[in-house]
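Here chain A shows up in two complexes: once beside chain B, once beside chain C.
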Partner chain A sequence: MDNLIIAAASRVSEADLPMARLGKRFGRLDLASQLVLLAVEMLGIDFDTQRRDRVGICLAARAGSLATDLEFWRGRDAVGGPSPTLFAYTLPSMAIGEIAIRHRLTGPNLCVVGSDVVLAGAVDWLRRGEAEACVCVACEVVTPALAGLIGVPPVATAAAVYVQRGGVGLRVWEENDRDIASLCAVLCGHNGRN
Partner chain B sequence: MDPFTTELKARIIESLRLEDTTPEQIDDDAPLFGEGLGLDSIDALELVAMLENQYHVVIKDLEVGRPAFQSVRALAAFIQAKRAS
Partner chain C sequence: MREPDPTSRPSVAVVGCGAWTAVGPGVSALWSAVRAHASGLCPDRRFDSPRFQSAIVGAALQDDTGSDDPAFLLATEALGEARAQAGDLLASLPAARIGLVLSTTKANVTALERLAEGRPCSDPARRHIQGDLLAADLARVHAVQGPVQCVSVACISGLVAIVQGVRMIQGGAADAVCVVGVDVLSAFVVAGFTALKAIDPEGCRPFDRDRRGLSPGEAGAAVVLVRADRAPRPAIVIRGWGGSNDANHVTGPSRDGSGLAQAIRCALETARLRPDEIDHVHAHGTGTPYNDAMEALALRTVFGEAGLSVNGSKGMLGHTLGAAGVVETIVCLRAMEEGWLPGTPGLVTPAEGAPSGLVREPRPATLNHVLKLNTGFGGANGALILGHG
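Up next, the complex of A and B:
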């Protein structure tokens, strides 16, 4: 079969968000979804040239939706209670929906919480012919409020790779390419995109 | 533009976090959902919460409130009618 090709890679952090212009509804999204959407945008993939029903989406939500869960929980004390919109983002897989809606992708999808193993899932789809390409994103959001609770440093980043069957790209996918964030750190230049 | 409608638009923008949108850019008669402002079902819940918090207007059934969500003008009229009753 064709080689699996890493066609594009990107990584973003919270500092990149103020410059993001991804439509008037972007402000509604929780921090994790904003990072994920921006990372996918930074891949620079023209989805008009892809078969949208053959493009999968894999999301590794390393910290799940804990930051948004905490924000929602704390919203109980606000007048009128927590935001109904925020409730939707207490689902760790919500960012997959945002990617699918924005780019009208209808292929298979997978969300894994607490690890970065989704790239293997994408490779399985591609090898079995269930997809021709896959958007793979690893996101980690630990807000300062959450960091204080769980005793880890705050972080807000997302890294994305676009893997496809055949074609040209950055390089061939290798068996030991398992961690999206590490892969992006190697592939991306200072501007976060390659 | 009447002050109440302007205020309502500002509250919609704030509650729905509509980026790069000003009250002047929202047409009084444009549909709130689908085309027009492009809101969706999650926004509907946020609007219901905003009406309750800001105007003490309670919509218990979204179907009952559907006519009020046709446009900003319809929503303003709905709020004012509820307040008057």
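Up next, the complex of A and C:
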């Protein structure tokens, strides 16, 4: 079987969002989806060269969608009722849909809340032949409003890797490559991309 | 491109089931309702307000329980029933070789509402607004010490969680996996679907000509998975699965059904089955105009016009979100074991273009392979195929 290759890696934080040029819809997305889309964009993958039905998407939503949940529920008494747009983003996996739409990726999806175990999921897809490549993203959004409720400090970051069967890239995937954020911290330069 | 011998992986069987749904606690209550073609949908005073599109919901718990942690209650009761059914088999395994996968979209959203409104909330309930902590506490209470995950892929979460459980066993990380699905009724969720105008004021009517939307529901459901060669008696096995994304719209399904058709074809491929070997499809069947139409189109694309039997359970249970895939899989399992096709509560007059083999009322049938479908926001599609071990 081909080696599994980490073809690209990136990481972004909320401070990077002003530089994003990702179209009109971007500003209407929740913070998690914005971070995830920017991290995927910074991978620099040319999806036109990929079979889009053979590219999977894995997301580790470290804090689920709690920040958006809180924002949605605090707007429940707004004139006209709570926002239907925001309600859609109260699902932890919604950023997967945004990646899929932007890059027209129709392969399988996995979203795990809490611990980041999605690299193992992606590797399983590739080994079984259920996908030929996978966009793997870890995202953590804890807004100041949420931080007080769950007792953790505020954070807004995302890290992404692109894993594929064979080809060239940053390096071969290794058995102890389990956490996307840690992997990206090793692989990414100061500009957040490699 | 696949590994040389995928058939060398062990089959995975279901040896225990548990459920608490709108038709009562226990799988026996669920199956009795299926056989009786009964519905658990009814008006609930919590949602009898202009803020909500309808008061008709599928409530598992009484509206006066006052619990701030209903997600844990439903999940632990369902898991307890499933574990009891698995019996000595689980007891014979080291706790470190038993895993748990939780499927949920909103975990204990009841506590989130309370906290956001400045109302009191117990510490456990507060923890359980985080799905991973809910999963960890379920594992602790049920003496599960193997790998624990919380899966959340919109309304296909339940099917994805079952597949993750299969992967844990086939990958050697666990000898048995408890898959638990749970989501609870809440003002949060009902207000959200109201904002989307996605609720049928008269109750969910899957594939019906006059359908107008879903009915919110709640449930806890659980299955225990083990290697089929460890099962004490012949059991239903997970034969195949497939997933895909429409890449089309965040809340609307694709109009051509191509994404769901892709997921079904992947499931057939992993199961090594032809379309004509599927005896029955348990549809997602939300009762929303576009989703049911898309699902019918996808089925026609893969199976043609052959009149394959199709049913949906959301007119009985409501849409239980993260629990839906697990509880509806339990309906499929019982249908295969009992040789009985479930009907489609809420369906009166099939819509133009609806599957021609829609099962309105339950009836006897021999079922060798059943296909379970779910689709969700964000374009996610999931397909699972069950067979006899």
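Rule of thumb we're sticking to: the second predicted complex is superposed on the first by the 194 of 194 C-alpha atoms of A that agree within 3 Å, B and C clash if a C-alpha of one lies under 4 Å from a C-alpha of the other, contacts with A are read in each partner's own complex, and residues count from 1 in each chain.
Methods note: a residue touches a chain if its C-beta (ideal position, glycine included) is under 8 Å from a C-beta of that chain, and two chains touch if they have at least 3 such contacts.
Every value quoted in this text rests on a predicted model; they were computed, and no experiment measured them.
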item: Three-chain arrangement built on chain A, chain B and chain C clash or fit; value: fit
item: Which of chain B and chain C A:83 touches, first, second, both or neither; value: both
item: Touching partner for A:150 - first (chain B), second (chain C), both, neither; value: second
item: Contact breadth on chain A, by residue count: chain C or chain B; value: C
item: First (chain B), second (chain C), both or neither touched by A:24; value: first
item: Computed vertex angle (chain A) for partners chain B and chain C, CA, steps of 10°; value: 80
item: Chain B versus chain C as contact partner of A:181, first or second or both or neither; value: neither
item: Touching partner for A:32 - first (chain B), second (chain C), both, neither; value: neither
item: Minimal inter-chain CA distance - chain C and chain B, angstrom; value: 6
item: Intersection of the chain A residues that touch chain B with those that touch chain C; value: 81, 83-84, 88
item: Residues on chain A engaged by chain B in the complex (per definition of touch); value: 21, 23-28, 79-81, 83-85, 88
item: Touching residues on chain A, where the partner in the complex is chain C; value: 1, 52-53, 56-57, 61, 63-64, 66, 69-70, 72-74, 76, 81-84, 87-88, 90-94, 96-98, 100-101, 103-115, 117, 121, 124, 127-130, 132, 149-150, 165
item: Touch list for chain B against partner chain A, complex; value: 16-21, 38, 42-43, 45-46, 48-49, 52-53
item: Chain C to chain A touching residues, read off their complex; value: 1-4, 6, 51, 105-107, 109, 112-113, 115-116, 126, 129-133, 135, 149-154, 156, 160, 164, 167, 171, 187-188, 191-197, 242-251, 259, 262, 266, 270, 376-380
